[in-house]
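Labels for the chains are A, B and C, by order of writing; each one numbers its residues from 1.
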Amino acid sequence: MKLSDQKLKNIVEASLMAADSPLSVEQLLNLFEEDNRPSRFAIKSSVEQLQTEYENKGIEIIQVASGFRMQVKAELSAWVSNLWEEKPGKYSRALMETLAIIIYRQPVTRGEIEDVRGVTVSSAIIKTLIEREWIRVLGHRDVPGKPAMFGTTRQFLDYFNLKSLDQLPTLAAIKDFDCV
Amino acid sequence: MKLSDQKLKNIVEASLMAADSPLSVEQLLNLFEEDNRPSRFAIKSSVEQLQTEYENKGIEIIQVASGFRMQVKAELSAWVSNLWEEKPGKYSRALMETLAIIIYRQPVTRGEIEDVRGVTVSSAIIKTLIEREWIRVLGHRDVPGKPAMFGTTRQFLDYFNLKSLDQLPTLAAIKDFDCV
Amino acid sequence: MNLETPAETTPLALIQGEPLKELPQDLYIPPDALEVFLDTFEGPLDILLYLIKKQNMDILNIPIAEITRQYIKYVELMKEIKLELAAEYLVMAAMLAEIKSRMLLPRSTENLDDDEDPRAELIRRLQEYERFKTAAEDMEQLPRMGRDTFIAQIDHSECQSQVSYPDVSLAEILQAMQEVMKRADMFTHHHVQKEQLSVRERMGLVLEKVNQHNFIDFHTLFSLEEGRAGVVVTFLAILELVKISLIEIVQAEPYRNIHVKAVSQ
């Protein structure tokens, strides 16, 4: 039995709302038994229809690195954030700078990060970034000590509402000393 | 400035979706600053309107003891629950052998299985086989410790399309059997 | 009843043996906030960038003598208030001093092109650090989950996680049994009997019907619809269970009903 468009759309909607993380088109396709699986096109068109339906509502479907996600519209954050008494903690400057170097310089070793920052990078910072699943070890550099090379993850992009690293601003240019 | 009905409804909708637990009317009221707080009636009527809007969709707002909660409609759980499907692994050799011994030696105790296999049978294996409903406890042997005796179930026969255990080859046949 | 406050005569700190009565002029902060302030520097490059920005110096043309003097003042201050001073701060101080001395040397007339400005490396590093510092600040503006964006995630407790089981074929089980028998043969003289599995199966069913607390009628264990073969299998199963003392059969007196009961525990 073929699923009606309405039912397909309802399944996509309910799944996006229930999921613990963004869902890709593949993940949505896998919700269906093989003999009853809609086309990729049908899935995408369901998502688009839902996006239209939600236009005047309190939530929206956005696309981030690992797929589609339902979230509260930004204009309502002021109210919705009152649900939580505690505001999320701030990350230290050291952590954010380390993260920035990893983003723009990946794959990068801890030693290279320290060269740029001019100070030691604490193990606690690397541990926090890995535990948050924002960075991961991409491999090991073939030099003495075989230091780990770090890079960013999809979860990092998801967290910052990004589809890809391209969406980040480019680094400021370095002014050439010789040009003065 | 008074909030429009539409905006109020959107805030209620977004909050119900973002909240980690059901929200009471009081909790919803507390999302608003005092000078801009809607009436209890207005909140309730927003919820009712939303309930109507979601009638033909994949999710619903229900009222539980502690307030209102958004949930996936029961009729869609067959699909949505696939989000958390665990991919099956393969059964271990130890499990397969334990099962085989139970089939051919039932009613059999764990100790007897261990005698035949020459190694301990882990509780996890017995648990897995019982959860799968392939074996069950037939009774307890009247020896110290009163060990459980295991045997196969009807579900076991059904899974392998057998009418009765008789349809399995005899041990003698297996012994001479040229296995793949 | 005025009490003299000794504060005025106590130097803030001792720097190179000299009492410091006043904070450096470029520190426009109350003394109690000093520690916090110095603690917020992310390293020597960060301090240098701060000094450059603060005095509107051109990063490409840093007055090295002046910046060195100010930098060392900060480092001494950090030492004085016993702020944990990473070695990197001292390394930078040494580097600045070296650049300063090289700037004083006359430049060689030949190979003018190759003769690099002693400040070049420092300036490159400062700029490099600055771009990441800026990038990190820009990232603060990005919407974040839990701070700016809130995920809609509704209740799905009704959607039980699907447990799916591995597939097993009969052949695999038979193969496992064959393995067991092979090994068992090696260790013991395990006697493989030709036995009817249907009897084993029926033993299970009989065991299930009887329990330790009540006797049940012997004849209720038989089902006539199964025909002669079925009755025989059940009978064999009962005999087998009696033999391995899992059940007992009781008859109060001849020709009375026979009762079956699981062996009491």
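One rule holds for everything that comes next: contacts are C-beta pairs under 8 Å (C-beta built on N, C-alpha and C of every residue); 3 or more make two chains touch, one makes a residue touch a chain.
Keep in mind it's a predicted model, so treat the numbers as computed, not measured.
Enquirer: What chain lies farthest away from subunit A once each centre is taken as the mean of the Cα atoms?
Expert: B
Enquirer: If you average all the Cα positions, which chain's own average lands nearest?
Expert: Centre-most chain by C-alpha means: C.
Enquirer: Once you find the CA centre of subunit B and the CA centre of subunit C, what distance in Å lies between them?
Expert: 26
Enquirer: Report the inter-centroid distance (CA atoms only) between subunit A and subunit C in whole Å.
Expert: Distance between chain centres: 18 Å.
Enquirer: Do you know which subunit A residues sit against two or more other chains?
Expert: Each of 17-20, 59, 70, 72, 80, 83 in subunit A touches at least two other chains.
Enquirer: Give the residues of subunit C touching no fewer than two other chains, as numbers and ranges.
Expert: Answer for subunit C, listing residues that touch two or more other chains: 150-156, 159.
Enquirer: Which residues, counting only subunit A, touch subunit B once they are in their complex?
Expert: 6, 9-15, 17-20, 23, 27, 30-32, 56-59, 70, 72-73, 76, 79-80, 82-83
Enquirer: Flag every residue of subunit C that touches subunit A in the complex, lowest number first.
Expert: The contact residues of subunit C facing subunit A are 40, 42-46, 59-61, 86, 88, 92, 117, 120, 123-125, 127-140, 142-156, 159.
Enquirer: Would you tell me which residues of subunit B are touching subunit C in their complex?
Expert: Against subunit C, subunit B makes touches at 14, 16-18, 59, 69-72, 74, 77, 80-91, 93, 96-97, 99-101, 103-107, 116-118, 132, 138-142, 146, 149, 151-152, 159-160, 164-166, 168-172, 174-175, 177, 179-180.
Enquirer: Which bits of subunit C are touching subunit B when the two form their complex?
Expert: Touching subunit B from subunit C are residues 150-168, 170-181, 183-184, 187, 190, 192-198, 200-201, 203-204, 207-208, 211, 245-246, 262-265.
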